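Next up, some structures in structure tokens.
Same chain, two partners: chain A is paired with chain B first, then with chain C.
Then we have the complex of A and B:
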């Protein structure tokens, strides 16, 4: 019986690469979304809500719920479940609407 | 993102059409969605000689059901995560064999507008998450809407904790990204998808402490005829059931997760027995340790583009809105067809049949020399469609949420995840402020006003708005912008270009009159 998803489908991916999540190094496989790479590292939250400041991460997994919004390479409100991970990506926890620097 | 080769090489205004977009402009038909219904429709239409634009948000065809890893992930056996892979492989082979399909991958359609008597404009934004800011407009003589479904959710205490994910979401992340949300995953909710999700997660290495289904499968027995005439559905259940047995996954029916425990992420869930109306039975709660919960209560048709065009809708047996379709898959708006889950959730095989049927109907309408829609083949397709539709209706009835589910809620449970609106706030709007429908609740509380436009909370808000004894009105699924659109895209549209919904010019089969399209309210 397969023990990992990759074993189940006989995956032979290209060389893994690194991204960072709040400074922590995370290993991603080519073809994975940012959310998939974070799940693969056991990370399930990368946003805090506007009102309660509560942690959130991927929920619907198909780009419909917008709970997985992350700040990727300084750009807020990217849907991590849709955006492909790229070598060197810098992901940071998005606080609220992600535009705190605007002071609004 | 690796867009398909048909991606334009330079930015363009929505009216400048050249390169690959221009080669067939206007297309005979624009198919929106490249899942089972859309792919079958596009392939059939192309084989009948039509020029087809296949517009889809993903990088690869297959939709949600046949979601596959990106090629660079090198999956040798993607079929290990899929049921009935051969049918999909067959469609892809036919797609490659025809030159009539322009596959516009990574195109997120935000509206469809009428441009004249026989011309439609499909407006899209591009990029992995639609943030590419390259607006595209594709014109076609006919529209086939094959936008599928999204997962329906019902809230409960703790459902916003990280580690709680949609059952379909867990499946999608597994199929495309080869990842799991945790090591011990409880699968809960209602509907046939749960068994498929649990067996995939288990096969991929997750421990499944329990599958928790709110209904009792005995309810299927009331629909014996629909089951007997759809043996493939029984086979599917046997395949998933035996997989669960093999992985020693216990199935608890007439039960629900009524609370999630944990501070920053899931640590355990409480599973309670339900009565026939889905009220938790006091004193039956049992705590199950887990680090993730995959939850869903069936699927809801994704029909916002069609609703924006004024297409008539109907309430499904499980309280969702689906499109009203005639015998050949046409909506109440002439020139706009639909196939698959948009007409009521019924699965991939039904979707393929409807896509094919719609393609014949479009070809006949456009006056192509094709096999007549009176042909024996089309008659066979229609019979198959009707048989599978009756099964879909039986399934919807069997898994319809019981009226007692709101008793799962605590006053401080977030119902609207985006705007963080609690059950207590919504109940106050209903009990004290007189709201009787979801729209009034939204205006009073902001429930449904956030990024997801009510997709996650719509079903729940509709139930709460109706009150304990009121008739539940299905969510309207009216979203003038089906996906977020940068202001720059709107500013780039030519003045006078119609993007507002257009009144239908007749409704041959409307069971209920289409509601007047409302203006944007967010």
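Then we have the complex of A and C:
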């Protein structure tokens, strides 16, 4: 029988809520980071690198490596592994630095 | 004594000035040993911004040096690999009120007579040059000769391009100078033994005064602290080097008090760099939140778009200045065989090639490329 971390620690989370990732609905639990919610939905990449356009997602998971940057509620460069998911959050794949609109 | 290790000249300091001295000396056929107690660009150079400016210099010896360096950097940009991130991007100096514009105009007119290209930009054209500039500025002056490099990479690639005639010995601190019977230079002593050469070039940047003291001469190089803010990577939001007219007055100031005037520039790597503060606090590296706050406020006043951007990190550096704000370049008549190439304050990256060329010409016994009288190292000697 598959065991989940929540079962292992006897967690009793509050009711789940929804966020979206590039328009797709993802279910999150109170206290989960955005990265954890995305992983829970099987999504592992939410950014492309600046130079090569390669996919990136959570790597260290503890706020140190800055690989998991995402655009959350229109704000780029948020560390998805540190930002707690909130009902209605809109996560979008970040292209490179995520500031393309500022270029002149 | 000619050994495998012998050199014609020892350069103390592997910053951009020492690298330029080594480069031009090697190109004229000399064998050069470059010593540094740290890594390449680990001191003054690595804490710089990479400004190659003519715009902030009033007519006089430093401007002449900057104009020569501007031409030399153009040649170096062809010879060195693109990794030095040379950008002939130009500078834009802006004034927030009408009196500032008038002062800028007069300053630019005097510079123009000295060979600087300067074009007045009326208020309604500022945004053609820099679309993100704040509204309401009174005007500015465009300086197409201003340019930029990545200082640490520029130093490293100058050393590499100098070729096999340059030996680089890092992690070796000079602890004394070796002199002969009549006081002439015979080499240096380091923590790993003696190194012999008939000439020694003091390119120790902010620590140039200490090296001079080892030779028994006075050179009053003092540190002036400056902070730089580094933003998260951005697309090109600032095309040129953009700064407020107050910067020119700050550069020329002799005051010990904190001065800040935002100098804003993009980099090929993405981050925008925000300088420039100046304060005389010795070699104190303590983070000053007040300095950072003022720089950030001035930068966002120039470019409001930066208010929504994160600063990733900051770094302090020590700009080596001499009492008259001119560098010390050339042979020191007090110690035969000793040359100086230090004290460039906040302009050392820009002034490095001309400095290196002057030093190489002096080593070869050739005429300097310009009047070096104002840079005489012994000019501060008491009673001299």
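Convention: the second predicted complex is superposed on the first by the 101 of 104 C-alpha atoms of A that agree within 3 Å, B and C clash if a C-alpha of one lies under 4 Å from a C-alpha of the other, contacts with A are read in each partner's own complex, and residues count from 1 in each chain.
By our rule, a contact is a pair of C-beta atoms (placed from the backbone, for glycine too) under 8 Å apart; a residue touches a chain by one contact, two chains touch by 3 or more.
Keep in mind it's a predicted model, so treat the numbers as computed, not measured.
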item: Touching partner for A:29 - first (chain B), second (chain C), both, neither; value: first
item: Which superposed partner A:87 touches (first chain B, second chain C, both, neither); value: neither
item: Partner chain(s) touched by A:99 [first = chain B, second = chain C, both, neither]; value: second
item: First, second, both or neither for A:64, with chain B first and chain C second; value: first
item: Comparison of chain B and chain C by chain A residues contacted; value: B
item: Contacts of A:16 with chain B and chain C, given as first, second, both or neither; value: neither
item: Which superposed partner A:50 touches (first chain B, second chain C, both, neither); value: both
item: Chain B/chain C common contact set on chain A; value: 50
item: Touching residues on chain A, where the partner in the complex is chain C; value: 50, 77, 96-97, 99-100, 102-104
item: In the complex with chain A, residue positions of chain C that touch it; value: 130-132, 232-237, 239, 270, 305, 309-310
item: Contact footprint of chain A on chain B as seen in their complex; value: 1, 57, 64, 69-78, 80-81, 128-129, 131, 150-151, 160-166, 168-174, 176-182, 203-205, 264-265, 292, 417-420, 450-452, 455-456
item: List of chain A residues in touch with chain B within their complex; value: 1-14, 29-33, 35-37, 39-40, 44-45, 49-52, 54-67, 69, 75, 78-79, 81-84
